[in-house]
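In the two assemblies presented below, chain A is common to both, partnered first by chain B and then by chain C.
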Partner chain A sequence: MKTPSRFLNWLRGLPTHLILIGLCLIWILPSLGLFITSFRPVQDINETGWWTILAKPKGYEEFQAYCASCHGSDGKAISNADLTNPELVQNYRRSFALLTSLNREIDGQIHMGDTPIPDDKTTATIASYMRRISGIEARPKFTLSNYIDAITGYRGNSTYVTDCAAGNQSVDLYCNIRDLTNPRGMGRAFINSLLVAIPSTILPILFAAFAAYAFSWMDFKGRQWMFALLVGLQVVPLQMTLIPISRLYAQLGMNGTFWGIWLFHTGFGLPYAIYLIRNFMGSLPHEIFESAYLDGASHWTAFTKLAIPLSVPALASLGIFQFLWIWNDLLVALVFLGGKYPVLTYQIGNMVTSLGSGWHLLTAAAFISMALPMIIFFALQRYFVRGMLAGSVKG
Partner chain B sequence: MASVTFDHVVKKFGDVLAVNDLSFTIDDKEFLVLVGPSGCGKTTALRCLAGLEEITSGTIKIGDQVVNDIPPKDRDIAMVFQSYALYPHMTVFENMAFGLKLRKMPKEEIQKRVDAAAKTLEIQNLLNRKPRELSGGQRQRVAVGRAIVREPKVFLFDEPLSNLDAKLRVQTRKEITKLHNSLKTTFIYVTHDQVEAMTMGTRIAVINHGVLQQVDTPQTLYDSPANQFVAGFIGSPSMNFFQAKISKSDGKLFVVTDSFKLEIPKEKNKVYGPYDGKKVIFGIRPEDIYNPEFPSTGIKAAPVECKVDLLELMGDEIYVYLMSGSHDLVARVDPRSKYTLGSKVQMAFDMSKFHIFDIEQNPENPIAIR
Partner chain C sequence: MSKNGSGILRQRPATPWLYLLPSLIVMTIFIVYPGLNTFYLSLRNIDNTSWASTACKAGEACWGVFENYHYALTSTIMQTAFLNNIKWILLMVSGTVAMGLLIAVLADRVRYEAFAKAIIFLPMAISFVGAGVIWKFMYNYDTGQVQIGLLNAIVTSFGGKAVSWLTEPQINTIALIIVGVWMWTGFCMTILAAALKGVPTEILEAARVDGANEWMVFWRIMVPQILPTITVVITTMVINVLKIFDIVYVMTGGNYGTEVIANRLYTEMYKNFQPGRASAIAVVLILVIIPAMIMNIRRFNEQEATR
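Let's turn to the complex of A and B:
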């Protein structure tokens, strides 16, 4: 009696589960692909998709079809023609050299015997495969070179590591620790983003906490009106103010300074921050504050000793939101900092050249810019989840 | 240690009159209970005294000092809230030490006072816990402890027992009374529970609709209520009231209702004589109505015929709900009484213990005639 009903339940739940799993896949798959791609060598990225990482390398099929019957599937069967020997393969690096060899007679016999001679394209693939197995062009399945290149801002045909090893790096690179802060790299952009985001998160939350306390627990005239006005300020679109503020900053000489962008983010973060924190603080039991006043607390003491510690969930969740919004912001950073202090969002776009090359760096750059938000999210996610209810539900 | 004086205190919230012309004095070391139905303004009066509400007019004095414009922290009072209002992120010790730290008291002194208070309240083993780890009764003790470490001039209690279960409430009631005896400080205690009021207070102030009805010792309040509201509010079950008329015949005074006619004892003729022919409210407490089989000694029994409507057996007594004509009343009678529902019975009213209220002069809240 019990088993069939359980099976029926499972069957009834199946469509929901399938849809949920499908939705999760749709969301996760692109990120996963990007993540895997970011660890692949640039040549592999250009040749095959990320989903082939577990398959045999390119050229394996062709090699098996044309060469394996004599040379063996690992290429080592004929000892004086060991295809894994780099010195030998060095002679057939290019596909035309290989093709010539295939057309030639070896030891008085046709090289390929009964097997037809492969066409140009196939030969090129086989040559590439041979370079790989012989170690001339051995490349690992996974590499950090995309990350290193993105962080150092390397732009070239090879990788930062090989260029530095060969000593032919471009003029803006030093091949030492200084390259981590190369203005063209993501490393420097990461620092710039931190310099923008941390004060732009702390300042509005600090001011908003003061304001929220006043709106919640201090009795002054026009309190409700001022609060309504402040909340109403949220409707002002940020884009509308870009030009006037940019002009103002130009007159004050604040364009391209961190002060300018801190001030801008503070201003636009405040209304929402005040709204959220006030709602949270206002829902704290008023007896606690009254008790503190009777205990001899001034407003300042009540603020620092009671309001702030008790509002930590709201402050933390607001902090996360504000930080993420600034971290991911391109528009404001582009307008007020531009290329002077490139931030992550700005620099990601610079990874690709105007001809579209270098996009493998994008994958790594994207994950560099995602790293910090992800760490923050997972570290503070219990506040995050609780904070989304902040102000709406008490406790 | 100080007396507290309310002098014509008025508190308005917008157009709503919460406290209306409240005047009374609380003596030093007195335990005064403010009692009244919910929403009567008793808590507001307390909050005005604490300085949490500004008064609209009048003056409040603590000792000889007018405190109208003195902020709460400088009034030297401590308050225990209904919800306890413990600081949730601090330990019990920190909760109790908070006020002392803010007053920049030396550490050793704080430690000494908190330890002493914890010992009095038997919460020494809880000092390192957070409020959320405590039971309701323990939180209540911590709240009291936080008040007593400050050694204030006046203690305020705002319905501190209403969140406790019945058993704990009785126990804590005793403890607060003991605390008052040992601290010898002025206590002001707000409650809507008349049992708390009667058992704890040295005096009780009854408030209704923001107006002070009567301030007196519990026994006086019970024996001679100033008006119908106080008479009905104090005592459980409450006093029975009847629309009645005083009438004189053959030189005797009678209380006449539509279902019975009772003679007023001679010695009270002088008091009620002038009200001959006037409409009054006749009130008698349930315990002053007897089963004629088991009368107390020294009562002036007057028979009234009633119909038994409902019985509540309390064990030590019986609450009999009766109908006299169209009027219902309740009597607390001897548990040996045998009654059957719906039967007609004779009840004995003790005519030495009745109350008459003048309804003509003051129809809103008839005043007792004495």
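Let's turn to the complex of A and C:
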């Protein structure tokens, strides 16, 4: 009795599992494609889709159909015509030479015997397959060179490593540690993104913590309406503030400076930060503060020794939210820093327009920009989700 | 605020202001001033030397000092942008909310709930720019034989003709909206899932015992119970969608008929150097957003109060 009903239950749950797993697959597939592609050699990327990585390399099937009957499926069966020997294959680099050999007679017999001779195009595919298995043009299935090229901002036709090894360095590359900070590279952009995001996260939270303490535990005139006004300021959208500020910065010479963007993010992040921290601080138990005050603690002590340590969960959620918001922001960076200090998002946006389909660089670059958010996401998922949700009302 | 009086330490009258001052100064400079200034600029001409009415040409329709609004509301490109934003709102909001709800309901019944949710939520962690690259690759279109973009590979493997998803009018805006849905479904799902967990199980069980099938339980009980949350999610998404910029900027640059309001604002200001027009667009944008914002904050406060 028990087994069938359990089976029935399982059957009833099946559609749920199928739909859910299907959706999860659809959701993960685009990122997976980017991730895999970023590790493939550039020729492979443009030759085959990323989903074929588990398939045999190009030309394998043709080789099996035409040549394997005598040369063996690995090409090594005939000892004095080992098709994996680079010295031999070197003579047949061009498919024309190979075709001639296939048409030639060997010891009075037609080379290929009963097997039909492949056409030009197939021969070319087989020739390239032979170059590959013989190691003349061997390329690994996966490589790190896309990442190296993206980080250093290499734009040549080969790879950074081979070019540097051969001694032909491009104009603005030095083939040493300095290339990590090439203005066109993702390495520099990563540093710039950190330089923008860290102060722009700390400053508003610091200011907001002070203000939030005042709103929760101090008594002063106008406290209520000032807080209401502040909540109201959250509705002002970013787009509303960009134009006057960039005009102001132009007059002060602050366009393209870190101070400019730090202050902008601070100002724009404050209303929400104060709102969130105040709600948290204000809901801390009264008794703690009351007894502290009775013991003669000043506001400063209560703030630094009580309010701040107790508000760590709220501060952490807010910090993660603010940091990622800035890390992922394009618009503000575009307007206030532009190409002077390119951040990750700016650099990628630029590469998309200038490289067209340089997928090996684009995919690596995109993944570099996503790595940190993903680490934060997996390591601090609880805070992250909470911060994201609480941040949803932000302007 | 309930705790005026006893608990609060007496202090010198200046102390609160010391705590508040840094925030107040920064907010005044970066939010209050620019907010007001944008209104003013929207009435000015191209180099802010006089009122916008000087830009009027004889014999053409003119809105006087509101000439920039004339442009922001009636020019062809802005009409395209408005139309596209409406498409975005209709498709992306319904897409994210429906998907989010579906996944929230389904995930609630399986043991790998946390894992499934993490996968759906993951795109929230990455930038629009990163998502733009991911999806540009998905939509990649090759004129030759091999398609390295997954979508076109699927289309051609079924014998279809490869589509240039991002330049084909009509299709391209929808292609961009799909990226938005992919990114924001996780957000809707998380909020809705939290609300669903709040629906008392007794009510659901009672309905099931009475013979209601899952479909009826969903529509007659779950949905009405979480309706307030659904409204919050919808308004939040409307606000987000109205401000959508990065996806369009990275993937099509607003070309091929994919223009949206926020991208137009950027183009007018930083490519055409028309601060007056850009400001007018900003004002239009905030006028559209404010009602949704107010609704949202009110709802949010109500929920906080009842929690």
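The working rule: the second predicted complex is superposed on the first by the 360 of 395 C-alpha atoms of A that agree within 3 Å, B and C clash if a C-alpha of one lies under 4 Å from a C-alpha of the other, contacts with A are read in each partner's own complex, and residues count from 1 in each chain.
Going forward, contacts are C-beta pairs under 8 Å (C-beta built on N, C-alpha and C of every residue); 3 or more make two chains touch, one makes a residue touch a chain.
None of these values were measured; they are calculated from a predicted model.
A.B. asks: Is A:Y293 in contact with chain B, with chain C, with both, or with neither (first, second, both, neither)?
C.D. replies: both
A.B. asks: Of the partners chain B and chain C, which touch A:R178 in the superposed model: first, second, both, neither?
C.D. replies: Touch status of A:R178: no partner.
A.B. asks: Should A:R6 be classified as contacting the first partner (chain B), the second (chain C), both, or neither?
C.D. replies: Neither partner.
A.B. asks: Contact-wise, after the overlay, does A:K340 reach chain B, chain C, both or neither (first, second, both, neither)?
C.D. replies: neither
A.B. asks: On chain A, which partner touches more residues: chain B or chain C?
C.D. replies: After superposing on chain A, more of chain A is contacted by C.
A.B. asks: Thinking of the overlay built on chain A, is A:Q234 touched by chain B (first), by chain C (second), by both, or by neither?
C.D. replies: second
A.B. asks: Mind working out whether A:K56 is in touch with chain B, chain C, both or neither, as first, second, both or neither?
C.D. replies: Neither chain B nor chain C is touched by A:K56.
A.B. asks: With the two structures laid over each other on chain A, which partner does A:L242 touch: chain B (first), chain C (second), both, or neither?
C.D. replies: Only chain C; A:L242 stays clear of chain B.
A.B. asks: Have a look at where A:P309 lands relative to chain B and chain C in the superposition and call it first, second, both or neither.
C.D. replies: first
A.B. asks: Do chain B and chain C touch any of the same residues on chain A, and if so, which?
C.D. replies: 290, 293, 297-298
A.B. asks: Residues of chain A touching chain B in their complex?
C.D. replies: So the residues of chain A in touch with chain B come to 285, 287-288, 290-298, 301, 305-306, 309-310.
A.B. asks: What does chain B use to touch chain A in their complex?
C.D. replies: Listed in rising order, the residues are 50-52, 71-73, 75, 77-79, 81-89, 98-99, 102-103, 146, 150.
A.B. asks: Could you list, by residue number, the parts of chain C that touch chain A in their complex?
C.D. replies: Contacts found on chain C: 1, 3-11, 13, 15-17, 19-20, 22-24, 26-27, 29-35, 37-38, 41, 99, 102-103, 106-107, 109-110, 116, 118-130, 132-138, 140, 146-150, 153, 182, 185, 187, 190-191, 194, 236, 243, 245-246, 249-251, 253, 262, 265-266, 269-270, 275, 278-279, 282-283, 285-286, 289-290, 293-294, 296-297, 300, 304.
A.B. asks: Which residues of chain A touch chain C in their complex?
C.D. replies: Within the complex, chain A contacts chain C at residues 13, 16-17, 19-21, 23-24, 27-31, 33-34, 37, 45-51, 207-208, 210-211, 213-214, 217-220, 223-224, 226, 230-231, 233-248, 263-264, 266-268, 270-271, 274, 279, 282, 286, 289-290, 293, 297-299, 302-303, 324, 327-331, 334-335, 344-345, 348-349, 352-353, 357, 359, 362-363, 365-366, 369-370, 373-374, 376-378, 381, 384-385, 388-389, 392-393, 395.
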